[in-house]
Amino acid sequence: MQSSRRGFVALAASSALASVVSTTARAADPKEHYGMVVFLKGSEFFNWAYAGFQDAAATVGATTELQGPADWDASAEARAVDQLVAKGVKGIAVTAGDADTLIASINAGLKAKVPVLCFDSDSPKSNRLLFVGTNNYNAGVAAGTAVAKLLGDKARIGISRIPGLDSINHRVAGFTDALKKLAPGAQIITEVNDEGDLQKAEPVNTAMLQAHPEINVIFCGHGNPATGALAATRNVGRDKEGPTKVYVVAWAIDVPILQGVEKGDYGMTVAQNPYMMGVQSFLELWSASHPTQFDSMTNPGFGHVPTADLDTGVKMLVKGDPAIKALMTPPKL
Amino acid sequence: MLQVTAVSKSFFSNKVLDAVTFDVRAGEVHALVGENGAGKSTLINIIGGILQRDSGTIVFDGKEVDFGHPLQAMGAGISVVHQELSLVPNATVAENMFLRREKRTALGLNDWRAMTRAAADVFERVGIDIDPNALVGSLSVGMQQLVEVAKAISIDAKLLILDEPTSSLSEKEIDELFKVINDLRRQGLAIIFVSHKLSELFKIADRVTVLRDGHLVATAETSAIKSEDLIRMMVGRQLGTLYPPHASAIGDVVFSCKELSRFGAVSDVAFDVRRGEILGLAGLVGAGRTEAMRALINADERSSGRFWLEGDEIQIHDPSEALARGIVYLSEDRKGSGLFLSYSVAENIGASTLDHYADRFGVFHFSALRKRSREFIAKMDIRPPDETARVMNLSGGNQQKVLISKALDVNPKLLIFDEPTRGVDVGAKSLIHARLRELAESGVGVVVISSEMPEVIGLSDRILVFRNGGVSAELMNRKGEVSQEAIINNAVYH
Amino acid sequence: MMTHAANSPDATKPTGRRFAALSSRQFLLVLINVAIFLVLTILRPDAFPSWTNLKAVLSLMSYDLLIAIAMTIVLIVRGIDLSVGSVLALASVTMALLLRADASVPVALLAGLGVALLCGLTNGLLVGVVGILPFLVTLGMMSVARGIATVLTTGQYISFPNAPAWFTLFGRYELQIPNGSGFYGVPVTLIIGLTLVVVTSLLFSRWTALRSFFFVGESTEAARLSGIKVTRLTVAAYLLAALFVWFTAVLLTSANKIGYANYGIGAEMRALAAAVVGGASLAGGAGNIFGTFLGVLMLALIGNGFVMLNGNPNWQQASVGIVLLVAVGVDALRTYRDRR
Amino acid sequence: MKVLPRQLFQNVIVVQYVGLVVVTLLTLFGFQATFGNVLTGANLEVLAMNMVFEGIMALGMTFVIITGGIDISVASVFAFAEILVAKLMVQAGLDMVTAIVITLVATAAIGALNGLLIVLFRVHPMIITMGTLLTLRGINLAITDGHSVSGFSDVFLFLGQGKILGVNVPIVFFGIAAIILGILLGHHRFFRQLYFIGGGERAARLSGVDVNRVKIIIYTLSATLAGCAGVMAAAKYGAAHWAHGNLAELKAIAAVAIGGANINGGSGTIGGTVLGVIFLAVVHNAFVTSAVNTFWYDVVSGMMLLIAVLLSRFISLRNARALLVLKQGKMDQLSETYKS
């Protein structure tokens, strides 16, 4: 009756697949192949990181690929790491959507003699070779210092964030500590949940400014809320220079936000260096997968890599900073 | 076998059964008749454990019983075959028959072999030839009905209740069913038989009980009672004539059709409809009458067909085009494809004619529709006389009246009515017949499909008999060609 | 029973009493909204009832409102459109990419409209003509549209600094309405949102073409035999939904000045919740634009109240689900009571 | 009359599954030939582990879909089970068995609640389970504060990372569950009732099927299977996190649909679902091994769903046509005999 139905389905599916594959795939070659695993795949930030990874790989003639879920599902990342290990890549750089979720996969990769390191977001309890990325606490300190310099004891801060994320927790901790030290009179008033959604950030931040009119700084704990937070200041009419202005501290290097900083819309933005994370990640992986005549002290069987974290640092970008111009052209993938 | 004493039941404040008393003996077929809403279904559902009575007693097989669930009734030996089939098309006959009573292997899994054998045994006992391994969906409706009966008696039923078992069967299938019923009676089963078709009762029932408005009217031996008496008891009054008079004058052709075919269902049907006449389509279920009419308006894709309306050749690409030309088809499936059940009477009446109630800017005026609906409510005697009442709350007869009103609002030139009085009480039935006759007299072409032999004979001026997807005979009432024998003769294969 | 049913006007069905009085459901919704409003006013008299706050709540809910109207329209014809959020993103990305490439605004808008309608048409044809379940069709479309948007942008914000200023301004434009001492700034998004609610609401009750949608949803086969062009209307419903999604995309792209492949994630859930709360049914044949408006308003007020009252941000995300369950529960209880 | 043994009434289905198997194998070998590294033990293991949790959910989903329902809450039940079992062991200090039992009972209770609300409110299952999905996701977030929970014993980790006879424990679980549930669905009287409910609920009711009870049990089973998957996932990842398994419900539904079940209810088999799961796993794996730009994954998986339903629709139309040919043949034959 429906004898060949399934056949058609599957045939059509695989032909659809094949057409995509043929347009974009590269045939396997003997070159060394490295993988990067991210969450929120496709976000500009990780595109920068991957660009660095790719560019660094090109210098030694290695190839790369990017894997991971488009949403915030660390378990999908863990599976992507498993996949790459099974595929036999020479090294994996992973940013941990959740520190603990990735432990098993990272350790399994190392056990299979594939060098694995973390970048951007760490999985400290795993055996990863090292962490390359912004030290979130330090970055928070930098942001806190900048805010303290800007408003001093008068700073009243609202935070827009996704609850519970480790990296954001560290940023907020650094931010708070810096303020405590430099401007003890400053206060953190409240936190709102923007659900990581650009669109959602506007209503919650607007409501926050209404509920707490004393707020004069919105500290964005991550990349997405900046646009919405800025719009929120407009909604309550507190975007213009003057005594009532609410300063938005963005945490992003997306082009529209950099443009906003140049125009003075945003108070400042915390610029991490994802490109360098990518470059450094590759170089360390390369090093780890090419053992020299002396065995690694800490990671027997692998090449030498530093044991301490590599802090790629942040820069607080304010209006007129020449670095903004350099970041305006997004990376080619 | 069964003794029902003073059973009453109310739904909310509405008393639907009022102290009904009657009994059924082993080895008899007991007919239960009454207009729609007389309480037959409620009574059956109470006996079958689907509903619970408010008061009264039921003694079955010597014990007083009080079933809380259909399964308890089944366990006691009471089996109900409902009007709507309750079989699943995707499962085999055997699995359907033994649903909830599966035979098991030692592992507790279903023992298909044993079930197949048991089903075959039942069929043998009843004398039906059906493959227990066939998928139910592959059987005709008549066969499925027989499977239902077999399923009902396979629980070792002592009392079998058949709720309008013949409503969707062809004459031949009815004969088959009656043969089975007679067999079962001989085996000592008590059988309650519900039907609107009085001729059937006289053929099969030993006694008949008449209900009206939830009250018991009478119980009588069928041999001692006449059809007219029964009808009087059911409606409480004498119906002068059951059918309106035949056409006074038959005029020119309103609509004609040639070469109407639908692949696999209808082949090369041709007919004319004239002013003033009612054209009846007779035939066994599945002979292609409904299929032909649906193909006519292209509700099902036809393979060929040419049509002339009032002398001009026309195209009919889809039902909406048919409607636009004044050709209306009213489906036999009132609830599924006739009415919008949760909408009001007015909304239903205006469903085909929304544009009539819009002004030239396309603005819809509900008040105009309500006004129009009230006219129809008066004309068709729709009850309750409230145009905002939801159609789902109306009785079958009143629903059918709404359906006709909807068609009339189109100002049809050709009205095709599929089973106009199926599931309709006697009062509404004669009103519908009268309205159809009026319509024909006013110059509208009227085509009626009916599986009820008396209706198609009583109503039609001319009858087309369908067989095997085509027209096998044309019988003129005026010429005295119409008779049950003539129709059957042309409807079946010899 | 019968008389009772006749006396219980349910304005989610086109029984014609829609303007005689609010249905009991909408009345209930109005009450709930008023109650939330009063509670928030009492608890936060300083912040909540200000025009600035209410304006923000009302104008920012416009995006959800337009999407929810789109959802209501397809629900009426017994459909569902899970792809609204993704199509929103795809239309936005299309317009932004064209504007960045210095296309003129009309061209970009038309292209966005074209993309949205193409998605709507595909949905409509697959549902209406081919006869595939709407749930599956739009689930596939949801994946495809979001995927294409991501492929086109690789996830970047697409800004268009060279686009004409009026396009980047109108999404945030406010009409100044004098109020004696000063001006009320009334956002254009709010005006557009409310206008569309009123217009669609009127059209659904007073325009025969749209009234027919209800018949299609209530019983497809009966509608077909009643001469209603079912296929055409089904396709039209998905196209209309796509149109509303496009409105949203235009407003959102203009207001945020960026096209973004992750716009509208989860929008279908909020829209569905609001539409069902407002009286639409997955079984088709019912749905009310004003009810949907009240549903969206309720969700927006709850979201605003959450922040106003310093609710634990962790619990914010559970609110949509709880609202949905409570609404369905209350409705079921009401129907149950009506049945008696 | 000749009594045949009950035909494996899905002979036809067996044939159509062969098609799915063949194409799955073709894809596997095709990619192996082109890119290599596919048919390695390590890759096959990863391939299987990639879909195993969705696969376990798909088993329960099969039952739900056969009854004509849908359960989109499984993904959040999955994450809830992870979190609960983790909290019970790590924070409450319960022993492993107690923790797992409590977790499974809790997830069963959620499923029972789903079923209860569905039969009580008589609302479409999608609305109810969507409410559960959103609410539970919010709760998952809230009770963990967004953090993951970890620190399991090695014995517990064995449930996710260990191997029995060289096969990962979750895969063993999936296999055994599929076999047991497959046999039960095919041959056990309780599960056979599902087809009757999906084929016609009213008819099933009249035949004495306790539809409400069966539904509640089925939703309970679905949630419990999601709970089992969650427990093993916690062990596999060594951590519980609220965002785990996001959108898993869609993958599970897609697997059931590709496996040939009718989303309207009344048909579907465990065997088909298992094949659907394997097919999706192979395709996903193909993406990784071929190193295609993974942005395309969404597009292709959406397309695949659309093509799958489209083709199944065309096939069913063709079957209807074939049936007509058969009928026409009978008609012609009859009229021939009658003429002569």
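We call the chains A, B, C and D, going by the order they appear; numbering starts again at 1 in every chain.
Convention: a residue touches a chain if its C-beta (ideal position, glycine included) is under 8 Å from a C-beta of that chain, and two chains touch if they have at least 3 such contacts.
Keep in mind the model is a prediction, meaning the values are calculated, not measured.
Among the remaining chains, those touching chain A as well as chain C are D. Simply put, of C-D and A-D, more C-beta pairs touch at A-D. The chain with its CA mean position farthest from that of chain D is B.
With centres taken as mean Cα positions, chain D sits 34 Å from chain A.
Centre to centre, using the average C-alpha position, chain B and chain C are separated by 44 Å. Centre-to-centre separation of chain A and chain B, using mean CA positions: 69 Å. Residues of chain A in contact with two or more other chains: 41-42, 70, 163-164.
For chain D, residues touching at least two other chains, in rising order: 141, 145-146, 293, 295-296, 298-300, 303. Multi-chain contact residues, meaning those touching two or more other chains, occur in chain C at positions 150, 154, 314, 316-317.
An unclassified topology is adopted by the chain contact network, corresponding to no line, ring, star or complete arrangement.
Touching pairs of chains, sorted by label, consist of A-C, A-D, B-C, B-D, C-D.
Those residues of chain C that touch chain B in the shared complex are 1-3, 5-6, 9, 13-17, 205-209, 211-212, 214-215, 218-219, 221-229, 285-286, 340.
Of all the residues in chain A, the ones that touch chain C in their complex are 40-44, 46-47, 70, 161, 163-164, 190-193, 195, 197-199, 202-204, 206-208, 210-213, 227-228, 231-232, 234-237, 254-257, 259, 330, 333. On the chain C side of its complex with chain A, the touching residues are 44, 46-48, 50, 52-53, 55-57, 59-61, 63, 150, 153-157, 159, 161, 172, 252, 255-258, 260-266, 300, 303-304, 306-308, 310, 313-314, 316-317.
Residues 12-13, 15-20, 22-24, 26-27, 30, 34-37, 40, 42-43, 45-47, 49-50, 141, 144-150, 157, 160-161, 233, 236-239, 241, 243-247, 258, 260, 275, 279, 283, 285-286, 288-296, 298-300, 303-304, 307-308, 311-312, 315-316, 319 of chain D touch chain A in their complex. Those residues of chain D that touch chain B in the complex are listed here as 1, 3-7, 9, 183-184, 187-189, 192-193, 195-196, 199-200, 202-204, 206-209, 266-267, 323-328, 331, 334-335, 338.
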